[in-house]
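So that you can tell them apart, the chains are marked A, B, C and D in the order they are listed, and the count of residues begins at 1 in each.
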Amino acid sequence: MEDQHIPASLFDCPVVESRPVGSYRLISFVAREVAALARPGQFLMVRAAGQSLDPLLPRPIGVHELESDLVKILIEPVGRGTISLAGLRVGDRLSVLGPLGNGFDLNGEGPALVVGGGIGAAPLAFLARALSQRGREVRCLLGFKIRGQAVAAELFRNQKIDVYTEDGSMGGMGLISEPLPGILAEMQAGGPENAISAAGDSSDGAIPADDGETGVAGYHRAAEIFACGPDAMLAALSGIAGDHGAKAQVSMAAHMACGVGACQGCVIRTVDGYRRACSEGPVFAAGEIAW
Amino acid sequence: MEDQHIPASLFDCPVVESRPVGSYRLISFVAREVAALARPGQFLMVRAAGQSLDPLLPRPIGVHELESDLVKILIEPVGRGTISLAGLRVGDRLSVLGPLGNGFDLNGEGPALVVGGGIGAAPLAFLARALSQRGREVRCLLGFKIRGQAVAAELFRNQKIDVYTEDGSMGGMGLISEPLPGILAEMQAGGPENAISAAGDSSDGAIPADDGETGVAGYHRAAEIFACGPDAMLAALSGIAGDHGAKAQVSMAAHMACGVGACQGCVIRTVDGYRRACSEGPVFAAGEIAW
Amino acid sequence: MKASLHTSLGPLTLDHPIINASGTFDVIEADRILEADLFSDFPFAAYVPKTVTLKPRTGNEPPRLYETAAGLLNSIGLANKGIENFIVEDLPRLAELLVPIIASIAGESTSDYGSCAELLAGRDEVAAIELNVSCPNVELDGRALGCDPERTARAVSLARAATSKFLIVKLTPNVTDIVAVAQAAAAAGADCISVINTVHGMALDPWTLKPVLGHTSGGLSGPAIKPVALRAVYMVSRALDLPVIGMGGVTTAQDVLEFLAAGASAVAIGTASFRDPLLAARLPGELRDLMEIRGISSIGQLSGMA
Amino acid sequence: MKASLHTSLGPLTLDHPIINASGTFDVIEADRILEADLFSDFPFAAYVPKTVTLKPRTGNEPPRLYETAAGLLNSIGLANKGIENFIVEDLPRLAELLVPIIASIAGESTSDYGSCAELLAGRDEVAAIELNVSCPNVELDGRALGCDPERTARAVSLARAATSKFLIVKLTPNVTDIVAVAQAAAAAGADCISVINTVHGMALDPWTLKPVLGHTSGGLSGPAIKPVALRAVYMVSRALDLPVIGMGGVTTAQDVLEFLAAGASAVAIGTASFRDPLLAARLPGELRDLMEIRGISSIGQLSGMA
């Protein structure tokens, strides 16, 4: 959603750390230029450097965190590309194209609710930190299938976090769409000092339901949601945000080939027709998406 | 050429040594059963263990040497398969099918001349050692393109060796077909005490040329040649051996897929029609090959 | 939940849906060379020997093999001992197998299909016959008989007239419209369609820049062609009311699952056995695991799910 | 010895034989997003923009991409802004390039080829026109116009009547006889043949077992199809007296060398640019090195060596 143009480039980067974080893998590599330029919500096209044709193409991977010259990524090994990335060890090299995409627009005001689903949490640690640094009140809501994924919540340092798992093996039990309305209502009603952790109580009716535009006017301030996760989660979230008059930015997933707007392969259905996740996204206003 | 049947099997073997030998790479791995069974001239179907589809298939690789539980192979990285094998490091794992093929027949008598061309020298160190252990007089003649390959001659320990390179960068200069007639004549004329190193003198006329069948009768004893190398070398050698009445066994190269006689892919043109290098070879009597 | 792998292919009952692809597995040779006792512990649910022809064939000039990206080019050219020798030398031995034998035959002319089928018609060891009308390495122009729906139909009719055995027709993907060829085969009396044989291709020697294969071009197999094969299975199984044997690049249990979902009743493994000779022995168990995670309890439930 | 990479394609003179494949490189987007100054430092010897059609097309339903073994399946469906917008918005910008522009056009009907060619006929920025008669993702049955020699010939004739520009016809490999289609195109007035467009294929989602692509099936590109492409180049260049542009899986300078040896006059890079965006910039130098080691001093000497 940012407009200012920062040129991307191709880099060959040595891996300096590779460790498991539950069922995910955290990989850090040296990439000074990327670390200097990347903004939250931007992504990289990444593959193991070298001649092997398996996998053939790089994969889009969000920037998880930056630390001086280092870029960190968090990988969920699900297929050909991510399994190969998760297999990288210290000393191996990565081919990295980036930073790419628009990233989240951080210029809004009001409290920020950062919502992640599964590996969608990966780019949100950097985002949450950046939002805090801008002085915004930040609260995080992270949903996972199981505990093995949910331990990734530890990567969100110094953040106020609620964690949910579908099987209840860590944090609250259920999908994040259940606590979301309550958390939103709280954030919009008062300051962070009033916020209580929704984790644990599957309160559907505990917080009064609001009736769209009219209800919103009654709150102190509009919250803004920043989300990344499975389509179904983002669609549900978009509806809830609309109900609460909260703005929402969503980072959309798509299979990519070029990453730079050339191949038309990564399009997302929006209210204005197909738009490319790589060059016109991956972050879109929730209201733009044709869910 | 051996007949006795020793069953092959599939093994997953850890690499315990990987080091350059000039432009080749020497790789040692633990494979107790293979080390117990393999005979000189047999081969293995080898690939890096794992899911990567690049390369897709194993490659036929000769057994270079055995050392208690260890099997050693020598790799010339020329294409998809051998480059991947040469990239293996200690701790990586190999998928190994073998031992396969007939191997050399060591039951003959008389002095043995072991002739290698390029990476064709790989399986001959084991062979030369086994021949010596059987009490046969052994002499080795190794030809290479350049010095970077010829340093592999160091792997033939305690052997009487002549080395040639095409560019003269190590040992004698030229193809091994030049010194071969002279060496053969010497070996057939007398014992090893008479042998002089041909390396260094590009003597075409230094050793009296012999005139085929008739000349042969005059020698003390028939030498036997064991050879592995490029087709052109083996063809030349086969002619020279015939001229000297020396028997010759040649190990033939072919692209392979199954390694066990199933696919008909690795056939060699012989005087009896096509024969499979994997299950009917790779060692053939030189006279059987339709050069 | 325990998933069942039992399935059938016309009159053939199979313990599981995984068979071998013709020309890629030789049980007699493998049993001789490998440690495993393959006759009593055979990994496939049926055995398809290498295609045989009326007369013995020496096959094409070597080199006959070349590895390409995730693929294998071959130009074997149906090297085989001829159907008479196959019947006399191999069939008695193959009868020891506890699984059905699907004999594969090819003709150098259409009429050969009738003659070969007739020679096998009375052999009880043979449970089914596969007509290979699709080898790209036999005719010099690389054009298999199966490139033409009419010639395919003629070959099938002749075989059909000669035998009442379960008749499988194995098609080539090197055509504009594989469904049209499949329909022609079905109309002429085929009981089952096998797809796909290899994809026509060639490779040059990296150094000499001349064709690597002695026969110039050859047939491409392996994972590279899996998308082509999967599409053929999907299209043919939707268009026809006959069982389909799927093959082409199957390398993992996940691949088997996908071919069944695409519409295959059985799945054949070719090139992948070269990559991993123990693959076939592992596949049924791995397939069952994948079915169970997905809550699929039978092959019937899986077939055509896509 | 210093090898020369200069070559020509009909009236087009090229600094080297490497161009881009339509639909895989967008110089305007790439110049905007990447650090490189692509307009003044363009890596390819000619520029082929994405195929345009008479009317704008939104393209097929996503997902449109899926990686397979050494290959990429796509079902973009010729998403493009339409030829009018292309002419007004893009051509003026593309005119800044120092290399020839080869406009690529496709029709939803045969007559569109004539109309599109006419619209480009008077544009000096356009050095040549490529007729894409081979996209597998436009018609619902996946059957490209180029599957039929007669329809191909009609499309070519209409374009030929509309323009005297150098006319390239890009063919599909999804046919029984690609040489017959090439000959039909040549007879109808084509100046050059491009081979190949993508190979028809499909993939299932590993978990849902439904087709991954929104359009069900798609076109396979990348190293997996190199053997198919190389054979097409070899066959077409031998059968016809026209220059051939080779493409399909070209990923290294060695591949470029092989396609030239197989008979191509120029070689296009598609999928490999996704794998390595800097590939094109390196290829000419690497190609020269490979030629020099082999003692080949010019593209002419290399062409058709196989």
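Everything below uses one rule, namely that a residue touches a chain if its C-beta (ideal position, glycine included) is under 8 Å from a C-beta of that chain, and two chains touch if they have at least 3 such contacts.
Bear in mind the structure is a predicted one, so any value in this text is a computation, not a measurement.
**Student:** Touching both chain A and chain D: give me those chains, sorted by label.
**Tutor:** Looking at chain D and chain A together, the chains touching each of them are B, C.
**Student:** Using only Cα atoms to place each chain's centre, name the chain farthest from chain D.
**Tutor:** B
**Student:** Centroid of chain A to centroid of chain B, CA atoms only: how many Å?
**Tutor:** Whole-Å distance between the two chain centres: 59.
**Student:** Taking each chain's centre as its mean C-alpha position, how far apart are chain C and chain D in Å?
**Tutor:** Chain centres of chain C and chain D, defined by C-alpha means, are spaced 34 Å apart.
**Student:** What's the distance between the Cα centroids of chain B and chain D, rounded to whole Å?
**Tutor:** Centre separation, chain B to chain D: 47 Å.
**Student:** Would you pick out the residues of chain C that each touch at least 2 other chains?
**Tutor:** 69-71, 206, 222-223, 251
**Student:** Got the chain B residues that touch at least 2 other chains?
**Tutor:** Within chain B, residues 53-54 contact more than one other chain.
**Student:** Make each chain a node and each touching pair an edge, then name the shape: line, ring, star, complete, other.
**Tutor:** Drawn as a graph, the chains make a fully connected set, so complete.
**Student:** List the residues on chain B that touch chain D in their complex, please.
**Tutor:** Touching chain D from chain B are residues 53-54.
**Student:** Mind listing the chain B positions that touch chain C in their complex?
**Tutor:** Checking each residue of chain B against chain C gives 5, 7-10, 47, 53-58, 79-81, 95, 97, 100, 254-269, 273-274, 279.
**Student:** Spell out the part of chain B that touches chain A in their complex, as residue ranges.
**Tutor:** Where chain B meets chain A, its residues are 51-54, 83.
**Student:** Which of the residues in chain C come into contact with chain D in the complex?
**Tutor:** Contact set of chain C toward chain D: 68-71, 73, 143, 147, 174-177, 199-204, 206-207, 209-211, 217, 220, 222-228, 230-231, 234, 249, 251, 254, 257-258, 261-262, 294, 302, 305-306.
**Student:** Within the complex, which stretch of chain D touches chain A?
**Tutor:** Residues 23-26, 29-30, 32-36, 50, 58-59, 62-67, 69-72, 74, 76, 79, 206, 222-223, 251, 271, 273-278 of chain D touch chain A in their complex.
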